[in-house]
Structures are given as C-alpha cells and as structure tokens.
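Below: one structure in structure tokens.
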C-alpha cells in the first residue's frame, strides 16, 4: 500500500487509480465504478447509458479510463456520445475512441492500454437486420475480452439455404451467439446442426401477443435442442458469456 | 312441415330427426344438439367429452346418431368409450363404430349414412410423438369432412433432413396442419419451404416458462413466415379449418 | 448460370437481379432481400417499415423493384412514403406507385411487371372503423397475390342485422378475413353462419384488461365455431394466408 | 336489549339468535357468521363450502339456521351435503332442505321462515350445457332474495336463431344474468339486442390460451355493448347483484 | 317507407335521418353510425374519440346530430373539441353544446331534442381526485339517459369517516357507480354497508405491480361483498349500465 | 475450539452440536441445517416440510433439536407429524412437542432450552376463517421469537363494525400482521386507522381472475395507506418480520 | 368547537386550519387534503404529483402548509417545483423550502412547525446509482417522520466486499430499507447477515423479461431470508413503514 | 452402404443399427429415435419419460441401446424404471444399468460401449436440498458427455460463508452449472466472484407470486453479473450446454 501512496504523492498515479488498486472500486462524481470487475470475474465493467444523463455517462467513462486505461459504454444515444467525446477531448486527449455505431457501444482506450488477445473465437449470428443492435453489442464485448469475432448475418429460417451454406464456418468457432426476434427459431435450428455451444439472444422485435421478444425468449427456453439463453436484447450478457467461454478455450490451449 | 309430421306419425321418422329438420337442433336428455351445424357452417357437430359424464356423452352420441346418422365425439376417456359402446349396442346395434385410439376420437355411423368424399387432400404433420393426440384429432375431423388425409410424423426441426426429404410430398396437398410443441418452430420452417397454406397447431408439451404450449402458440403467432394458428391442442379446430379449405378446393374442382 | 452472367456482362440484367436468380436473395445496402420468397412459398416478400429508417426502407424498396419488378412495403409513415417516392423518382421513374392510404401499404411496379390474376376471391370483413388499418393491409396483400378482394365494412355484432343482411355475399367467396377488436366476437358469429373458411384478425383496439387486442385474440382462439387466427394487427399474415387459400382454389379451378 | 336477554332467559330465544340481534354476527364453533348481512346490504349471508371440511360447513349451516331461520350453502360436494343433512336431521328436524343439484347449492329453512317475494323478475341465460353450474348458483341466490327467476338455456351464438327466437321473452325481465364460457360472446350479443341490464357471468370452460374463463372475462370487459361483469364462475355474485336490481324494481313498483 | 321518402323529397327530412329510420344506421363520411342503438338497447350511441382524427370525430358528431338530434362524444382532447365546435358552428349553428370538461365528454343537442327524464337516480362515488375522469364520463352518460345523478367525491377508505358520514345519502339512490384506483377497496366497503346495487369502476392509477388499474379490477372481481364490475376506466360502460338500471326503476315506478 | 473438541471427546457434546458451534451449520442425513441462523439474522431456522418426505423432515427436526435445543417445522401434513413424533420418541424422549394444529406448525424443545421472552407484542389479525392457516404460522413463529402474540380474528371489511370495535386493542401492539384473502382490503383499512406498522399477509383464497391470492397481493402492494407486504401465504416470513420488529422494540425498552 | 370558531372569527386561525381541526380534512380548490392522517396513522399526508398539473400540486401544497404547518410533495418534475415555489413565494413567504433533488421530493415548513425528532434510526441502502430516486424518496419521508437517516450507497451483490465492509454499520440501526433493481438480490443477502428488520424496495430498472422491477419484486417476495416488501419504486411507502418502526422503537426507548 | 447391408445380411448388424447408420434415425415401435444427434450436435439423444407410458419408454430405451450402444432416459418414475429393467433383462441382459436415483435418470450401456472421456471439468452447484433433482440431471448428462463432474451442494446465499469457503474449488472448473430456486440469487453471486462461465439453472421451488421457478428465472435473466440461463428445471439442457463447453476445452487442450 505504501508504494501506491508514494506514487500518488509523486503524481505518478491518479487518486482514482490508487483507490481502484486499494479497494477495487473508485468513487467518482456519478457513483462508484467497479474497477476490479474484470480481475475478479473476467468481464470488464461497462457503463450502461440507459437512464443516465449524458454528463453522468461522460463522468463514469472518464473514471473508467482513468482507473483501468479503458472505458466501455453501451446503449448510448447520439447525445451521450457527444458528451463523452467532449469530456475526453478535454481530459484525455490521447485516448483513442471507437464507436460501434449500430450497436450503440463506445470504447475508449488510453495509449498504454494493452488489449487482451485470446487464442479463441466467437461467431455472432443474426436472423435478420433488426437483430443488428444487440448482436453488435455482443460482438463488441466479446471483442474487448480478446476473442476473435466473426459476424454472420441474415441467415433466418424463412429461407433455410442461407443457413445451411454456412455450417462449416459455424463449426469452426468455440462458441456461437445466435440472435433472433419474433418466433426466435434460429438458435434452435443452429444448435441441432452443429456441436458448438450456442447462446441464444432473443431480440425485442415483433408485435401483438408474444411481442417485445417474449415469444423469442420463451421459444429459446423451450428449445428441443440444447441452448442456454440470455434476456431479451441482452447483447452485453451474451457477448460476455461467449467471452468467458473463449477465455477457457484460450487457457486450455495455452496449458 | 306437414310431410315431416306425417312421417313421424307413420313411424318413419324419429321425433329427434323431425325436430332436427324443423328447428335445426334436437333437445335431448343431456342438452341441445346442433343438428344443423354441418349444413349451416360446413363443420359437423361433435360431442366434446371434456367435463361431461360418460352417461351424458353417451346420450348426446345417441341423439347425434339418431338425428344426423353420424356421431363424432372427442377427448374421450376409456370410461366414456365404454359408456358409448354400451348405449349404442342397445339402441343402435346396426351402427358401425370407429375409434381413433391415440386421438381420443370416436365416430359412429348408421348404415345409411353417406360419407362425404372430397376431391381434395390434407396433410397432418407432426414434430414428434408427443404431438400425436391433437394431430390425430385433426386428422379424424378432416377425414369425417371427406378430405383425403395424409399423416407425416416425426419431422421436427432438431434434425432437419427428416423434413427436407418430405418437401415434395408436402407440396402435393391443398392445406397442411402442422403440429408442434415446446418452441413450436416446425410450422414456421415448413411455411418457408412450400406454397401450401399452413395451419399451425401448438401442442401443450414443455414445462417451465412458456410451457403448456404457450411458447409454441406465441412463436407461431410471431412467425416470420405466413401461418394461421389455432389454440393449444385444438386439434378439432385445426382439422375443421383444413376441412373447410379442402371443401373449397373440391368445389372449385367440380365447377 | 452462364446465361445470367452473360446478361449481366451485356448490361441486360442488373447485378441485383442476377444475384436474385442465382442465390435467391439480394444483398443490398440495407440488408438482404429474399427475392425467391414468392417462388418458394407463394407469398411475395414485403418490406416491414416498422423500426427501419426512411432511407433503409427506400433502399429495400429499390432493391425489391430492381430484382423482382415489384416492391411491397407495409406499416409506412408519411416520412417513409416520402423517402420511397424520392428514391424511386430518381432511380425508377417508370415505376408506378400505389398507396393504400389508410393501410400504410405502398406497392411499386415496374412497367413490365405482370401481376398475377387468380380465379378466386377473398372477402375482408370489419367490425368497425377502427379495424380499417389491418384490414386494409390484408386486402392489399391478397390483392397483390392476385385474388379478387371484396371489402365488407362495419358489420359488428352490436347491431346484428348489419351482418345478417350480408350473408349471401359472404358465402360467395373462397375465404374470409374477419377483423375485429375489443372482444373480437365477429369472426365467431360469422363462422357459425357460413361454410367458408374464416381467418380471424384481432385488432389492437380496446383499453384496460384485455386491451391491445389481447381479449380479441384469446376470444378468437377460444371460439366455439371453427376459426384459424393470426396475431394482433397481423394484416399481412391474414392477407397472405387468404391469398394462399385463393391460390389453391384457383389451381383447382384450372385443373 | 333487556327484552332480548329476557327472551334468552325464558328459553324463547337461542343464545345464537340473541347474539345475532345484539351484535349482528354469531360466534359459532367454526367461525363467525354475519347474521346482519341481509339487513345491512340486501344480500343473505351464505356458507361457501370451498376449502371447508364437511363438519365446518354443517356447523355454519346450523348456526345460520338457528340465528336467521335460513341457511344457504354453495359449492357443496356430496360429502358436504351428507354432513349437513345429518346435522340438521339431529338439530333441526323440522327444517326443510332444498338441494339445487347441478349448482351445488343447498337451502335450509326453518318452518317459520317467511321467504321474501319481490314483484320483479330475473332471467338466467346460458350459452351451453357447461354453463349450468354457475348459472344454477346465480338462479338459486336470486330466487332466495325473492325474485321470479326464468331459466333460458343453450342459446349460444354458434347458432343465432336459438337466441333471436327468445328476444321477447328476454325483454320482459328486470335484469339478465348471461353466462358463457370459451370466448364469452353471448352477453355482448344479448346486450346489443335488448334494453334490459345484462350482468355477464364468465364460465371457466375452454383450454389453452385464454382458458379457465380468462378469454370470456376479458371479452366481456371489452364488450362493445354495455355490460357489467362478475368474476369467472362467480354465480353467487351475479345472482346477488341481479337480486339487488330486482329489489329496487320491486321497491319502485310498491312506491 | 313511402312517407319517409316523400319527406326526403319534400326536403323535410335529411337523407341521413331517412336512412337512420329505414335501416337503423347512417353511412357517413367517417363510417357507419348506429342510429338505432338507443331504441334497440336503451343506450345512446356515442362517438369514442380515442384513435380518431379531429375531422373524423367532427363528422361523426354531425351525423349523429343530424340523424338523432343529439350527439355524445367521449375521450376528447382539446383539439377534438375545437374541430367539433367549428363544424357544428357551420352546419348546425342552432345546436347547443355542453362540455363535461374534466371527463372529456361533449354533448350536442338540436333545438327540438327532447331529453329523456327518468324518475330514478344514480350516485357516482369516487375515492379520490384521480378518479374524476372516468367518474365524470359515467355521470355524463347516466345523465344523458335521463337519470338524476348525484356526485359524491373523495370518500376513500384511507379515512373511513368521510365515507360513513354519507351512508344515508348513498342509500337513497337506485344504483351506485363507485370508482377507485390503486387497490380499489372502496366499492367493496360501500357494498358491505348499503343495499343498493354497486357497479365497481376501476381506475388506471397506481404504478408497479398491479398498476394501470389491474389491482383495482382484480380486487373488485374478488370482492367479498356483491359487486358487478366494468373494465378499467370504462366510465361510459358503468354509466350506461347504471342508466339501464335506472330505466327499469323508472318503468317500475310508472307501472 | 479445543474446548469444544474436548467436550465431544468427553461425550458432553454431540458431534452435531460441535459442528454447529464451529462452522455454523450441521451436515445431517437429509442436508445441511443452518444452526447459526438465529444468532446471525435473528430468525430461528425452520424446516419447511413442503416437498420433503416424512423421513427427511424427521431427520432435520432431530438435527435441529440436537444442535440448537429446539426444532420448528412448518407446512406439515399429518403424515409428517407422525414421522417426527416417532423419531423424537426414540431419539429425544425428553423433548416437549407442541403442535399448532390449524397452522401446520410443530415445535419441539429439549428440556434445557431457554425460550426467548421479549418485552414486546405482536397482533395477528385475520379477515375470515380461511385466513387461519397462514395467520397461525405467523403467530407461531413470532411466539417462538419471544413476542407476546395476540390473535384477533374475523374482522373482515364486509362488516366494518367488527373492526372498529377493536381499534384500541390494535393500537396497543408494537406491530401488526394482517392476513386477508380475496380482494385483501383489510390491511389497507387497518393501516389507515392506527399508527402501528402493518405487515400485510395475502392469503391464497379466491378463484377466477386474481385468484390464488394474486388480487390480495397486488391490492396490498397498491395500498393507499402505508404497508409492507410478504408473499401469498408466507406466514413464516410475516411472523419473522414481526418478530424482528418486536426484538428492536424489546432492545429499545431494555436500553 | 366554539374555541375554534372564535379563533377563526378573530382571524387567529385560517378557515382551512379550522376545518382540519373539526373534520380532519380540508376541502381546497384541487380536492380534499387529509390533514388528520399523521395524527391517525402516524404517517404525514403527502401530495403525489404524478398525474396532477403544476397548479393542482401548488394548491394542495399551500393547503397542506396552511392546515398542518408543513407540506410534503413527491414525484415532482421541475415544472411542478417551479409552480410550488411561485405560489409559496406569494402566499407563504416565511415558509422554508427544501428540495431533495434526485428524489423529486419537496418539503415546505412554516416557521412555527416543530419537526418530530425520534430517538431511533433508519438506514437506506442501495445496490447501485439507479436506485437513488426511490431510495431518496424513502429517506426523505423517514426523515420527515423524525428518524435519523443513514444513507449507504452502491453496495450491490456483484462485488460482495463492498457490502461485507458495512455490516457493523448496518447492525446499528432500528430498521433498514434496502433498494435494488434488476434481480433484486441485495435485500436477501443483507437480511441473511444482520438481525435488523429489512424492508425490500424493488426498483424499476432492468429490461426484457422481468423488467420494470418485476423480477426484483418477485425475487424479494420469494426471498429465502425474512423480508417484507413494498411495491416497485414505492419509496414513500418504504420510508413510511420504516418511520413507523422507528416511532415504535422511540416510544419504547421513552417508556 | 453395401458394407452395411452385407453386415445386416450376415447378422452382424441389427436392422436398427443399420438404419441409424444409413439415415441417422431409427424407426421403432414407439416413434423415431434420433441416433445421429450426438454425432451432429455433440449431445447424446435422451428419452424424456414425461408423458410417455412405461412401455413406450422401455421400447425407446431398447432402440437407443441397440442402435448407439447406450441409452439415457430422464424424468423416470419408479414404474418407468421397472419397465425398462424388465425389457432390458430380456433383450439386452449383458447391458449395464446405472440409476441416478434422486435425479430420475437411467443410463444403460452395452458391453462394447466406449464412454467418452474429456480432459475438462464441470461443477454442479446447488443452493439447497430442493435443487437436487435438476442438479442431478445436469450432472448425469455432463458425465455421460465425458466431463469430470464435481458436485458442490447447499451453498445458498442465506449464509454466505458456506459459499465463500468454496471459491477456490469453483475457480478450478471449465464451466459451472448453478441451480437455485425461490429468488434464485446464487448464480448471480457466484458469477460476481469467479471468472468461469456460469449457467444458471432455475428450480421450481417457491409458492405464491413468482413461484414455480418464475422468480428464479426472471432474476437470473436480469442478473447484474454475466450469466446464461436455461428453463426452469431444465437440468438436461444445463448439463448438455456445460458438456458442450467442456468438449471445446477438451478439444483446445488436445490441439
């Protein structure tokens, strides 16, 4: 601990980074940031922008970048993105910013961040264009966890040949995230055809009875093939779970 | 009307048959029987045994046979069947009885019943063995309406080649009833592959969230291909709707 | 395949039309378009505008027109319509555009499109004025599939004589789509009176318990007469299913 | 109060009847009996047998008879009926017992009970035979409140002429209880045709989605005609509400 | 019929009024208006503004006024009201207009309209201020049906003495409409204290589990006292049902 | 720790009691028993018999008695009770057994158990006789935690004077558990009249919509007065929470 | 009463304060205000701004301040706050105003208001920043009831050490309000670790299945530790219930 | 193919095994058995006994054993087990049978079956004893897929130290199945503490609101840590998904 305090005194370490090292989380202006999440549970902490003001999101992004050399924010509107960019322009001009546009995900990295690189791969598969947002979120998170990510789009069950053409490509990966809305049949069909673990990601398309992704979710839970599932539109969770499986495969390869 | 009353007086017509002719329904010991249903709406009246005692079912079957020369009863337990057999043995020994065993359907016909025969066909398709009961009910009703009925079983989406082998056979029919439980994906996949109208029949298999056929029903309602649907386990309704489509095809062929 | 490639090389065939012929779908700027849907499943592909930007809808409409000589788009707002008109004015000035105004449906056809014409008819029946939108969608689709479409409006069960006056007209058709909101009783009453197949179309009117069309849907599923049903407001699906039945009747008439 | 206590001392009044007069309720071996309910709210107290043992029901019936000269018990099994009969045979041999068999209702009266007689009438209407139990409960309660009760059975909407034949008879009453299961359309249709208040009584028939009377209930709540509604199978409530309307009509006639 | 046509020819009767007399409904620019509803079912037809444009509502109001000398419109926004006023200023300047402001109800009457006047009364009771809108709707309808209407406000169960002070006033009426949101206990408590029929009107206040009036509705359906109920916020239905009970009491008084 | 092991060696302490002291829980033949629960969280551990065999319940009761000198078991059938009695007769003949009969609760105590005695009191209030089972469970638990428990029964809102007579008695307690089924209005009315904290305990009576206690639960959650609530039939939880409040009051009194 | 009237006549008492003293509530321009609530039930009346106009809220705040020397308003938007400030600036310039900003709560006090001060304390605990609004509401109400309130924030179960560091602090209080959204596990974990009563406050965060606080609510109701619960986002209720427990502890301490 | 047919002709291969090799499935007396499932999707086919008769289950077990040298059957009652044993005693006396007793799983293997053995491990973790059945099913399936399976029981969140003592053991595995009923908090807490992928398995314990495992399921879907989930009681699916992850880890280790 003395080392850390010395470094703070010498101006080599920010108080945020010091608190993160000592207690595992950082108390910022917009709440506490769980800086030890990745070390403890393998999944990097992310700022969920839903229900937060642009200023709060920008502050949390800055805290994350300051204490862990990276920040991930999800479900951003354009206004959130603008606030984040303005704050980082001022406070962390050296940071690189990448926006996963359709997915509403922003990743900022300080120059000395060393991104993880796993010897393992994840495919993110969609049934149609309206699945792009949560699928993009899943891909971005898995990517930040270090996995190779392969996007396979528009292979819905309404026209099966689109899917059957891709079977070999699907079988090459360590884990699949398969997104689908409406009746959500795609993960079931995929899991019947390949021996890779499939994580079903129901999407909130559809209207009327079973709309808002409820039919897709309950169909995936009832699937006659073996799937595990995340909540409706929970792209972050699907990507993180895929990333954890990829981490195990990577660790196994390195043994 | 006078003719009818004369025939009753002469003992050539039973009072039940006379009431059916004059008013369209017959008042029996266990309630009114809608003897004009088939003439009016194309679907023969059937006795739903659910929630009725064996004696009530037997009485209604006898009334139906007496007034329309045929009786159809559905959702029968063994006890119901026994009661029906005993009553008909006594009252209508000349009637033929056919039991669709796994479907819980019994059909009795008097010797002079002239069964309808349509120049039209229906396929009843199932995903797995647990779909047999409602599928059998659907097949029995379509058959009683005069359609040729083809049973195609165990073509669930977990192993797609079982289905793709049958595409030509599916395309030959005028209408398909496709039964499936759990996630209920089969009708969606079939309707994406053939240009015959598909009636989805959700089956009450499955447990947990979306069990009791609710996932299958909502998935079929949300289908990304064009389906119409009946209620969970509503084999009678699916078969009757298929029979009505077959009647139109038959009428068109005879024009 | 060589013929197709030659035609592309000669500028006689657009790359989109060539891809559609070879693979069955076309990859455009806003996602894949399933150009083979009609050939495979009898139902023309349509662009669902819900949740898409005006630019995306316009791009998909253009792709559809380019590859299949027709485009159908549903659930359009005025803004969507404007974007489609602007794009087609520029890219396909020779195309004709028809707007089914109350139904939110737009159909564009290139000059050499040969519309299908079935020797079969569909009636689209409504209980009240608030059923007009999904009923109009159903009528537009059935019409694009080639059926003769008869609109019968405002025959709700609150005043039964409006309905009983129309029975003969109802009986003349091959299939009926019957739309109703609130308690959704109209399809049940119609199906008890005529021997034509009835497809119930629940409408999302009504408030409080069972609102948003849920009471209408569950009432139609529980109907004591024989109906099949589509999801709440699913006018496209109802019209497509009616169109498929009309196709079978037409085929039977031509045999 | 002194009069009452004197009467108890003289053996002219049982302690139960005295407590009922003084406090409004009687504390018996199986709980408190609300003896003042009819005086206060117009509806006689009844013993709901559901979830009570035969002995408890018998004890409460005895208390009711003792304190108010009448007892009404609902939802009785055969075992309950037997226990009640045995207890009354012993304790109140002079009481008359009437069993409304299909409705599961028992009414016992002591010889000096003076039944109310209203100059007002109620019709209890059913769609089909499976509506008989709650409809019978409604009829029994309305009858005990003094109304003339007319039973009109089996007039379901599947065959409308059965209903339209009865319109004049329906219009003669002060209030209608209309019971229906499955899609529950009958009260809606009746209320559109007559100007008598209709109380909808949903019945727990039907299976699958909207089963257990839920579709009937939500359909009646959404009715496009003017209805009020009671809970599924709540025959007692429907009958009591009809009885209260009849009491007002009776009072108005006597003014 | 000849009389009517002669009157039309002579300009003494508008075509709308003539159609209403001959067929019972009038076909206007915004749909059919059920002009015979009051004669047939005792409840005047009303224009529900929800989901209709201001122009449509104004057109239907004009048709109603033209054919029945009165128009009732419910759930009006300010914009609807403005459109109605403008149209009537032009087409029916002699008509009187009354706006029930908090209830969103407008009533227009032509000079020769003879309002019904019943010798019967209705009380409309509320638990709190947020119940004012549906309660006002109920009061307006009952009033248009001719009943004397008494408004009793803010007698919620949180402070019981407010209610118990009003018991005598409540007992004087022929029927009570009792509105309550959140847990909806007021109708239950009232019905336990008075012998007048109570119609429970659940109101869509409350948030979280059981919000949107669902707790109030289910509580009233489960009430341990005798109530009938209408749907959440269904002020029109509650008022109409109360009006029908008042009509019976009035008729009884006049016998 | 050495003391404990010495005591085990000397036969003065059973191995179960030693494990409980050292680790906080005891591993028995039917699973682990959380012997430290009361010390840690103030609530004694209880054996929930639901879904356990009689032998398993008896084993857990024996373990509890052995390690903590007391055992509490809830939701016992007669068969469970018999198994417990037999086992304790053999293994712990000195223990006293008390059966709270209607509540399905059994308490066994070894002779040297020193029951807690709080200077604080709890009232358990019921609306009707069908609330007796969960209310009895609540009373038994609060009693075992040392509170004085007062039972106030049958004060349902259908007849308010029963309740208003008890207000002074209610106000004397530290906390109230108020049980009610069907519409569950009693806790709301009580909490509006007294300034003692009220814990609402919904009971699974009632049928149809909102049955199984759902209406009571949602009504209590929506209450217009201040309540906290436990799950349907969760008598143990309600009694434990009341016991915890009583413990605080007791501690405050002893300060 | 004469004293009160004399004081009004002398201008020493406002008519509102007089009505409050005599009848318990005050009839103002925007409805009745329950001025006796705190005296009767221990909880001060508060103005719920949800669904009220700024003018109505301002009027009720003024009435409250006038009759009870304090006003509490909850769920205020900025517009509500502005209207209240303007009105009080004019009518009650001497009053102090405190805005609990993130919680949407405003408290106004006249100079001679004597705030209650309890010798008892409440902790309000949150899992994350999105729980701040209802937690702040709970804290404000408990504070107005006189309790010492301790805020413990951001101790969610995702990083358990944040919680376990606070155990001693938690154990010092008389009662805990524990707020949590999404899966709502925090109150369960806390109640397993401390012997203080825990009131679970579910928060409407989360999306997809179980969103809007439904998963948190049902999880708290199912908790394997002893909790009582309030509705989703019902901060006022949670704070009031905690305040009532604190009042009992305070009273016990003063005995 | 000729080789296979020659082997059948020579009696070296049963017709069932030949059909399995040629078509992938075997048509037996009780339906089709998907013999290629393991080869295609990595998960061995299992016979779900739910809703099948003992004879049907025994027949399918025999077919499985005949065609794949192993049979797995789940959700067996004692009667099912007896029927299987009798049939195998007769038809396959050399087969070994293992019964996973509490889990309702039976595995039969012919002498030449070579069980898979993965260099990968799975932990199956439970919160309490009532989670044993689905957890046992999960363990049995993962074991049949070749994984090392470690059972960690009774570490529910009510007493956290039981869990924190096991963290190192949990971190050693490739994947965790974590079963929990009631509020289902255990998988959330575990996933916050370890970096191994967690598959949540909700269990159908609990009563009242959120009972039948619905609270556990929705809590796991809403988890603030990263989990994937299977349906309530879906032990087979959880074990199969864990097995698939173990297969990938094994494959990675062997690369």
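Every chain is named by a letter (A, B, C, D, E, F, G and H) in the order it is written, and numbering of its residues begins at 1.
Simple rule for what comes next: a residue touches a chain if its C-beta (ideal position, glycine included) is under 8 Å from a C-beta of that chain, and two chains touch if they have at least 3 such contacts.
Please read all numbers here as calculations on a predicted model, not as lab measurements.
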Which chains sit in contact with both members of the pair chain A and chain H?
B, G
As a multiple of 5 degrees, what angle does the CA superposition of chain B onto its copy chain D give?
90
Return the chain whose centre of C-alpha atoms lies at maximal distance from the corresponding centre of chain C.
F
Identified repeat of the A-H interface (over half of residue pairs identical), from D-E, D-F or B-D:
D-E
Label of the chain whose CA centroid is most distant from the centroid of chain G:
B
Length of the line joining the C-alpha centres of chain C and chain G, rounded to whole Å:
54
Please compute the C-alpha centroid of chain B, do the same for chain C, then give the distance between them in whole Å.
29
Send over the residues of chain B in touch with two or more other chains.
40-41, 128, 158-159, 192-193, 208-210, 214, 217, 221-223, 225, 231, 234
Let me make sure I understand the interfaces: which chain pairs count as touching?
A-B, A-C, A-G, A-H, B-C, B-D, B-H, C-D, C-E, D-E, D-F, E-F, E-G, F-G, F-H, G-H
Over in the complex, which chain F residues touch chain G? Could you list them?
40-43, 120, 174-175, 191-197, 199, 217, 221-223, 225-231, 234, 236-238, 240-241, 244-245, 247-250, 252-253, 255
Residues of chain H defined as touching chain B within the complex:
24-25, 30-32, 34, 36-37, 40-41, 50-52, 56, 202, 204, 213-214, 217, 231-234
Please name which positions on chain F make contact with chain E in the complex.
127-128, 156-160, 164, 182-185, 188-189, 192-193, 206, 208-211, 214-225
The residues of chain D that touch chain B in their complex are 128-130, 153-154, 158-159, 161-162, 205, 207-210
